[in-house]
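The two complexes that follow have subunit A in common; it is paired with subunit B in the first and with subunit C in the second.
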Partner chain A sequence: MPIELYRIDDRLIHGQVVVGWGQPLDLRFIVLVDDDVAASEWEQELYRLGVPPGIEVHFDTVDTAALSLAGYGKDSRRGILLTKDIETMDRLAARAPTIREINLGGLHYRAGRVQKLRYVFLAADEEQVLRTLAGRGITITAQDVPAARPVPLDDLLGGRSH
Partner chain B sequence: MTDTRLGGGAGAAPDAQVAGRPGPAGVGPVPRVPIGTRMSVFTRLFAIQASWNYELLMGTGIGFCVEPVLRLLPGGAHGAAYRDALARESRYFNAHPYLAAVAVGALARAELDGVPGDRIERFRTALCGPLGSVGDRLVWAGWLPVCSLLALAAFGLGAGAAVVLAIFLGAYNAGHLGLRAWGVDAGWRSGLRVAPALSGRLFRVGPGYLARTGAYLSGVALPIALGRVIGPGAERGPIVGVVAATVVGGALLVRMHGRAEGWRIAIVVLAAFVFYATVARHG
Partner chain C sequence: MSETGEVLAPRALVVGHGDFATGVVSAVDQITGRGGVLVPLTNRGLGGDEIVRTLRDAVAAIGARVIFTDLPAGSWTIAARRIQRERPELVVVTGANLPALLDFVFQTDCASSVAARHAADKGRGALGVLGGASVGGGSSGAD
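This part shows the complex of A and B:
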């Protein structure tokens, strides 16, 4: 079964992921793709605390995730893949053509970013990367939880959906 | 190369006295800070969401709470270390407001221990998820409903308004005050090695016990509370209506699972009450 959702969320594993998406999608595994976290046992230990019993967590670098995606796709259970920033998802998508849809779930304020939605703030270079990804035929929408309306990238960058 | 070690600080800040209580394995002795500083941190926890906003969420609240400890950094409240740490601690952060006490304690300790800033930022990011999801399951989905149902059961058993209020407020506040006090202390003792404290028995099995207790209390409290509202020998119409609405509402909630949000449900229930009170009852 292919991974159900490719999500960019700077909080990585949290309530919206394990409960908001986890319950309706019946998620059984999470692939957390981050080069730093994959090399850090204490961070992995913290992220595991937020996962309820019954959901497995895999920690991958971009390199190992690109190699493992085919294997995750053969898993009979449903899964979600998370990156904490656009740059990481961009690097992964460049090596994994099976990624056809990307969900913007949460990119919060930091210096240089402009608010697009209450849970999406983007810098100019991040907008450019998203446009490039869309240009490669990948559908990008912003949606924090399943109950929310998905906002297409054009609306998001055009600022029509605040 | 990513440094995966815990701690790694340059040592406790000189204004704090080291050699307090021993910390968990792998963590240095807990620095002693003045009792006034500790009290200040604890009381500020009650205002941790006062500046909540969509840009930083609880971030400035975390900075506000750890600020008394940051004054102990080299250079005091006018030093570069203080300014850097306060700016770092006031960035975006989100967690359950009660369990955020763990983050406050752990981050204050990390700053005082001189842990490098980039590692503290990664620690902050990694703390958001577990403190949010554990707190949601333990408090919002566990302790709050149990306290509400306990008060409802007291009402059903004939308690007056003052007693019902005292039971709810007493039980609920005891829980959240205890959780905040434990949280800030656990974070302070553990620093970056706080994960074992959060994987303790209370957090592993507590939500399950509370869910079962809540289910049991629902079965006890709702019928007796409803019985008291309707009173003996009353018409059967209202109780049949309530039972039917419960069945239909339950079926709808199951069907809309994952799509129904709390505020939408609240508005529908409120609209139904208004309709019943103004149209159905007098129409």
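This part shows the complex of A and C:
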């Protein structure tokens, strides 16, 4: 079964992922792609503690995720893949053409970012990366929880998201 | 200050999604007049790094020894565990509820860690399911 959701979320594993998406999708595994987390046993333990029994967590670098995606896709269970920023998802998508849809789940305020939605703030260079990804045929929508309306990238960047 | 005039120094943080923390602390205050023992925080609008920064600052500001979080799998709990690495004396109670917090604010004569464990036991024990007997003896399992 292919991964259900490729999500960019600066909180990585948290309530919206584990409960908000996890329960309706019946998620059974999470692939957390982050080079720093993949290099730290302590960070991995931290995120494992946040996950209820019955959900497995895989920690990958961009390189190992690109190699492992085909295997994850053969898993009979439902899974979600997380990165904490656009740059990481962009690097992964460049190596993994099977990624055809990306979910913007949470990119919060920091200096240089402009608000697009309550839960999406983007810097100019991040907007450009998203446009490039979309130009490669990847569908990008913002949606924090399943019950929310998905906001297409064009609407998000064109200010038609409110 | 409580209704009896007792000065209540903040001793713990209550952190949650949306208005959970302000709501539950307001309930503690309405019931006991001791809401001042607890400082509520929301993660609304905060990214992962900001949540950690906000929590670190709040712990330092009040000298908190206890953090109550709403969701074991939530970003607050993960942030609290990060702060706990820097401050091993910190106690983190996950899945906090009103009965747990009511108990905590009255535990004034013991160490915060003891009070936190007592409160967690109280909160766990308060969960109950009342009624719900099947009408007509049906057992389909669906509502």
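The rule is simple: the second predicted complex is superposed on the first by the 162 of 162 C-alpha atoms of A that agree within 3 Å, B and C clash if a C-alpha of one lies under 4 Å from a C-alpha of the other, contacts with A are read in each partner's own complex, and residues count from 1 in each chain.
Throughout what follows, contacts are C-beta pairs under 8 Å (C-beta built on N, C-alpha and C of every residue); 3 or more make two chains touch, one makes a residue touch a chain.
Since the model is a prediction, treat every value here as computed from it, not as a measurement.
Within the superposed three-chain model, A:A124 lies out of touch with both subunit B and subunit C [touch as defined at top].
Of the two partner chains placed around the shared chain by superposition, subunit C is the only one that A:L107 touches, whereas subunit B remains out of contact. In the superposed model, A:R11 makes contact with both subunit B and subunit C.
Contact comparison for subunit A: of subunit B and subunit C, B touches the greater number of residues.
Within the superposed three-chain model, A:P24 lies in touch with subunit B and out of touch with subunit C [touch as defined at top]. Of the two partner chains placed by the overlay, only subunit B lies in contact with A:A147; subunit C stays clear of it. In the superposed model, A:D36 makes contact with subunit B only, not with subunit C. Within subunit A, the residues touching subunit B in one complex and subunit C in the other are 10-15, 18-19, 42, 46-47, 49-52, 84, 108-110, 118-119. Interface residues of subunit A facing subunit C in the complex, by the touch rule stated above, are 10-15, 18-19, 42, 46-47, 49-52, 84, 106-110, 118-119.
Those residues of subunit B lying in contact with subunit A across their complex are 2, 4, 6, 54-57, 91-92, 94, 122-123, 125-130, 132-134, 136-137, 192-195, 198-199, 203, 257-261.
Here subunit A touches subunit B in the complex through residues 10-15, 17-20, 23-24, 35-37, 39-43, 45-47, 49-52, 84, 108-110, 115, 118-119, 121, 146-147, going by the rule given at the top.
Across the complex, subunit C meets subunit A through its residues 17, 45-51, 71-75, 77-78, 81-82, 85.
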